[in-house]
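These notes are about the structure you will find just below.
As written, the chains take the letters A, B, C and D, and residue 1 is the first residue of each chain.
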Amino acid sequence: MERAVPEFEVMRTEALTRRFGEKVAVSKVNLSVKAGTCHAVVGPNGAGKSTLFNLICGVLKPTAGRVLVSGIETTRFPPHKIAALGVGRSFQVLSIFSNLTVLENVRIAAQSLGRTRTNLNPFSFAYSETRFIEMAHEALEVVGLADKSPLPASVLTPSDKRKLDMAIALARKPRILLLDEPTGGVSIEDIPAVIGAVKNVREKWNPTLLLIEHKMEAIKSLADFMTVMDRGAVIAEGTTGEIERNEHVQEVYLGRTA
Amino acid sequence: MAGTTAAAVLSEFARSRWLLAAFVLMSLLPLVYPSLYWLTILCYLFTMGLFALSYDLVLGRTGVLSFGHAACFGLGAYAVYWVYLAGYPFWLAVATAMLLGAVTNVAMGTALRRVKGVYFAMFTLAFAEIIYLYLEKQTSITGGTGGVFSPRPDFLQNPALIFVFIGIVVLAAVFIACFLVFSYMRKGARVRGAVGLVLLACLVGYALYSLDSSVLSQLQAPINAFTVNAYLLSALLMFLSYYLVSRLSLSPLGAIMTAIRENGERMDMVGYDTFRYKLVIMAISGLFAGLSGAMLASLASFILTPDVMSATYTLNVLLYSILGGIGTLVGPVIGAFVVEFLHFNIGNIASFIGVPSIANWWMLIIGVFYVAVVLLLPYGIVGTAMMKGRRTLDALRKAVGGGESRA
Amino acid sequence: MKFNQFETKMRERTEHEIAILLLAILASSAVLTILPISPVNAASTTKVIKIGVVTDLSTAYSYYGDMEVNGLALGLAYGLGVTNVTAAVKSTPNLVNVTGGGYTFELYVADGASDPTTTTEKAVQLITQDGVQILQGAPDSTATTALEGVAAQYHIVFFAGPGADYSITANTFNVYTFRMASNTYQDALTGGAYAVEHMGRSVAFIAPDYSWGYGEVAAWTDVISANGGRVLTTQYAPVGTTDFTPYINNILASNATVLIPAWAGAGAIQLYQQLYSLGVYNKMNVTSGVPDLATFDSYLAKYMPNYVGMMKYAFNLPNNAVNTWMIQNYITLFKAGKLPEQNAITFPLPDLFVPDSFAVGQAIVAALNTTGGNTTPANMIAALEGMSLNSPKGPMYIRPQDHQALQDMYIVKTVYDNTSMQSYYSSASQFPTGNVWAGILKTGYIGVQLIATLNGTQTAPPIYPGTAGQPRPPVQTTTTSTTPSVSTATSTATSTSTSTATSTATSTLTSVLTTVSTVVQSAGTPDYVYPLVVVVIIAVIAAIFVATRRKPK
Amino acid sequence: MVFENVLNAAINGFSYGMLLFIFASGLSIVFGLMDVLNFAHGAYFMLGAYVTWTLFSTTHNFVIALIAVLAIGVCVGAATEFTLLRPLYGRPVYQILLTLGLFFVVNQLVLFIWGPLGGYLGPEDIGVPQVINFLGADVYLYRVILAVAGVATAIALYAFLNRTNIGTKVRAGSESRELAEIFGINIKTLGTAIFGLGTGLAFFAGGLAEPWVGAVPSTGTDFLLLGFIVVIVGGMGSFSGTFLGAVLIGVVYEFSQYFLPEITFVAPLLIMVVVLLVRPSGLFGRGKS
């Protein structure tokens, strides 16, 4: 279902370009993400989707072009500053703290909201700051891991690990959430659960979602807008419906998965 | 208000009662067993234990491999020498040592923004070696290869000081007694409380009993008084630092350290300036390294050579950590105890097991030791004990009646 | 609540760690008490004197360490009038026994590895654990200096070993230090004077770039300028240099007529090899100390053809009864493989540093005869100062001012020698199996030939100002206990390392303490009172604590 | 005089660099393929020198001794990897500690077997004249020979890595272990072989160094440090990087020894520090960590 979306954009990239030597991973990508929408970035492997995410999050610095998050230029910001602007991100290759408990995984992420003075105070207790623990619980609730919070993260199932990765990104209530293949490496029967989790996040907290996905059903059920990339360049943009009717996209991308 | 602070203080003591017990036990040793030999060695063990502890903050807790730690240690040691011989008070010298250690470590840490992993290890190695080679040439301030005689503060040669320490120890003993009674009052922990009380009473009693004129009269020789006092002071500093560090690992910063070790990139992505936190940790670790260096210079060693800045000490502390168990604060300390204990007593042990000739094969022994530790104790003594021995320890606690004392 | 669980988990973890720490400490302190603290003394009928020898058994100087121990053992045996050395000298690793004349000397040999830190650690261990009453020093000068400090702190007599730095009996001298070996200044007085007289007046040096090198050059420069020579250039090369070409070129450019290489340890081979291959020997006279025969013959001889220089000792240089005795008994032990420190590279005849340590042994016995077996430093020092004795190097005189033994020194020429060895060994079968020198019996070797002997007064180094006036510890009549646990020191004598606490305050305080404790003990209170008192105290505190405790909900 | 010094410094620098290259290329290959920071390498170098010394005194033929020592080194290295290093892949700190242990063990063994004094072969012992006159300057002939030998070894190694089948496998493994395994390369066996090769190179370098620096216990440590510097400066696992790094360090080392002796031992360290600050993974490093 198409939902009514407000018009102001929370994030924009202008002619974003990144080269690795000769190879152009991302070329002149103009992306405009509207608040509260779910914007899917699709494309075959090596289309430069993850590179685009890395550029947005500041892991990589662009060769040219700029990134704006809610009007502020973040092109040269280090990752933690961009995160401080309310950009959360989950990873294609799972990135969690395997040897910590599920709760601690999320709590430590929430703790990053704490003032430096409290974070550096050697005589306070990590666990006496209850608000972070409560935030962590909320994040775990919303992705549906609350019952597993005491377990060490390493024992979780792949789908739960995906959810945990998402919860870590959600811990500090980001306004923009970048999900890099939330269903990647998840077994077929678990995929609905993960998609359900993302849906739940949208309903409960309604962050702006920027989504990389291959699974068509996931895209259909989640995304309002789609941007199709191929060899680093954007080849089509529009609402999910439009893109589905776009032949060019059909034969470039959907043709291969179908 | 007062009530809550008192409660906080009490809970602090409750947390560290084992530490207190260990401290009391060690501090009563010179009374129970007044052997200059063992006191000298244990003083050195404590120093190295603290050094290993400071290294574990960096390597074990934060996962940063640094080969320059000896620079903080050695510069701390020499800072005491310089400041104290310049005529400033001892505490100021120690403070300077800690500061210098911290500054050195931070200076190395600044490279972390760009240099990572093995390259950072090599960078720190070079950094420390340059300092070492430079200062070894400055014969006027470091004594060159021959080194200098350690600065030994006068007040440590005063026999009266020992009673200050005994006062501290008695205080600690009293606190332990309180908690033993406390646990005795708790239903189910009776046996442990009673046993503990009796043991403590016997220990303190025997200590006081053995404090007779023969021991005291021997304290009039400055060297004897110094040895006893240096031992007690080093014990105090080591246990105090251990308490602080273990406290630190419960703090938010401790949690951050662990998370950085587990997954530094993700920490960046969730909004931590990991580089800055790493610098903070380098600074703290440098503080303690400098302190241990100060202990070496003024308490534990007889002479001070620039070698204390050389890679040898870094490699030793690496061995301590691996042997004891990386990341388990106490592990490196124990590792240091074990290695240095072997190092000093290899002669005794050799003659004890009837092969006195191996006393001169230290390098071979330590080498085989390295290999054996790495291959046989992959998680170190404490690591293995904490994984395998957790069950045993619980069983033990049940056996002595503390089974359900955990919340 | 969940986070409480976590906190308790955390606490539990640290508790486990600390528990383990406690256990470990307990275990270690248990081990401490098991291990032998002090070895059992020999038969009580004979007087047991414990001597600690901290030397080098593992690094490049270990050959000197061997000489030191062997010499000391033989010297003690000679002093005790032993006739059958094989019976008198019993050696196990790190412990050598020399018995005779109512004495048993226990030599505790420790390996200081020529590292000052290790050396001091071993010395303190020997003093505090084994309770040695006399200390002997190391081949390395820095280590020897460190040992001086230890001796002063623990108040025991110390004999410096091969470590020849002049400062040991000068800048860093203290009254506990004695030295029978010749020091670098005596070397300089011997070699420098000869060089200026017979080789040329313009001199160049090459020396390692650290304190030992500076000391050497300073001493030789003094002597040379005193004898009317002048130093044209001094080349300092960093320790570990393997390529001396630039320095050699500079020296050649300076047109000096005499080159004096002052180099010891690593790099010496490369230095002499390059002097040789760059033809320096044809262009100028090269002289300096001739090293020990073993090193010389196995490494340096081929690069030092018919070399003339000073030498501390070689078995064929002095000619006196003591030397003969030493050689004979050394050979006896060598053939039996019974030398205290004997291995494959041990030279079949007493080498460079054997006579010095031999003299130490003689001096110790002589001093003990004077003091009646009393080893307190006061008596020993009084007995040793001004002592003269006949050493293998001829008459020796221990100067009271700086405790340096004056002695003969030698100027030698290196020669090919295939006769003198046969006069001591009839066939190679007399060598212990595996000894690398078995071959030289028929092939011969590069030895030395005496050119001149300078007596003790000719080679007497200047007395360093301030060494003479140092206060001696007062002489005692009663022998002191030598329990390993504590060193009973009565005076706060001079210490090179620290300023000791003022004796008055100490003594008064201690007197107070002792009186207190004696009062407590003489009150006739039975021993078990103390534990009881403690229990009562603890109980009272506990009662108060429990009474004021809030009810746990 | 100045000309002579410059000439000698240049020749020594280059040949010392070649020596360092032979030594460090072993380190570099091993690290590239297996990410093992081999602290035992220096000890193997020293051991090589001693073994060559002994072999020569028995065979009286330097070339044979060198070949033999290379073979021995390969066996020793392969044995080490197979028995000790296998269980420790992916745990760098432990590998460091293990190889350190080996370092100490080998040092002590050398002390046992050959004693502390060390052994030295003069070039004339192996039939090479000490000095030859070249443009009026005294030049150490052996060092020229050493330089030539070093270049030859470099070429041989290059050919081995780029022309042979196993060489390509090695390079593939250095790029990515996982990929190599996917393509059916038995990375374990390859590791054993390569560690053997690396150690063999260390032994070989030790043998070549014998008539120059001699066999003394301290050489192990000195060369280990220099070798690490070379490898780091060049970039771990990069062949050309190692070669250039070796020449650079060698030349700097010798020139400072000739013209600025105070900084002889500090200069290489300074270079490493600067290089790391400017290029965090070495001059030719691929930034793999």
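A few remarks follow.
Quick note on the criterion: contacts are C-beta pairs under 8 Å (C-beta built on N, C-alpha and C of every residue); 3 or more make two chains touch, one makes a residue touch a chain.
What you are looking at is a predicted structure, and each value in this text was computed from that prediction instead of being measured.
Without chain C, the rest of the assembly holds together as one piece through touching. Looking at which of C-D and B-D shares more C-beta pairs in contact, the answer is the pair B-D. Distance from per-chain Cα centroids to the pooled protein Cα centroid is smallest for B. One simple way to say how far apart two chains are is to compare their mean CA positions; for chain B and chain D this gives 38 Å.
Computed from the mean C-alpha positions, the centre of chain A lies at a distance of 72 Å from the centre of chain C.
If you average the CA atoms of chain A and of chain B, the two centres end up 45 Å from each other. Residues of chain B in contact with two or more other chains: 250, 363. In chain D, 111, 262, 265 are the positions where the chain touches two or more neighbouring chains simultaneously. Across the assembly, chain A contributes 104, 125 as residues in contact with two or more other chains.
Residues of chain B touching chain C in their complex: 15-16, 18-19, 21-22, 25-26, 29, 33-38, 40, 139, 144-147, 149-152, 154, 157-160, 173-174, 177-178, 180-182, 185, 197, 200-202, 204-206, 208-209, 211-213, 216-225, 242, 246, 249-250, 301-303, 305, 307, 328-331, 333-334, 337-338, 341, 344-345, 347-349, 351-352, 356-357, 359-360, 363, 381-382, 385-386, 390, 393, 406-407. Residues 244, 247-248, 250-256, 258-259, 262-263, 265-274, 280, 284 of chain B are the ones touching chain A in the complex. The part of chain C that touches chain D in the complex is made up of residues 58-63, 209, 236-238, 240-243, 245-246, 249, 253, 266, 269-270, 273, 276-278, 295, 298-299, 302-303, 343-345. On chain B, the positions that touch chain D within their shared complex are 59, 65, 111, 114-119, 122-123, 125-127, 129-130, 133-134, 137, 315, 318-319, 322, 326, 361, 363-364, 366-371, 373-375, 378. Interface residues of chain A facing chain B in the complex, by the touch rule stated above, are 57, 59, 78-80, 83-84, 88-89, 91, 95-100, 104, 107-109, 111-114, 118-126, 129, 168-169, 171-172.
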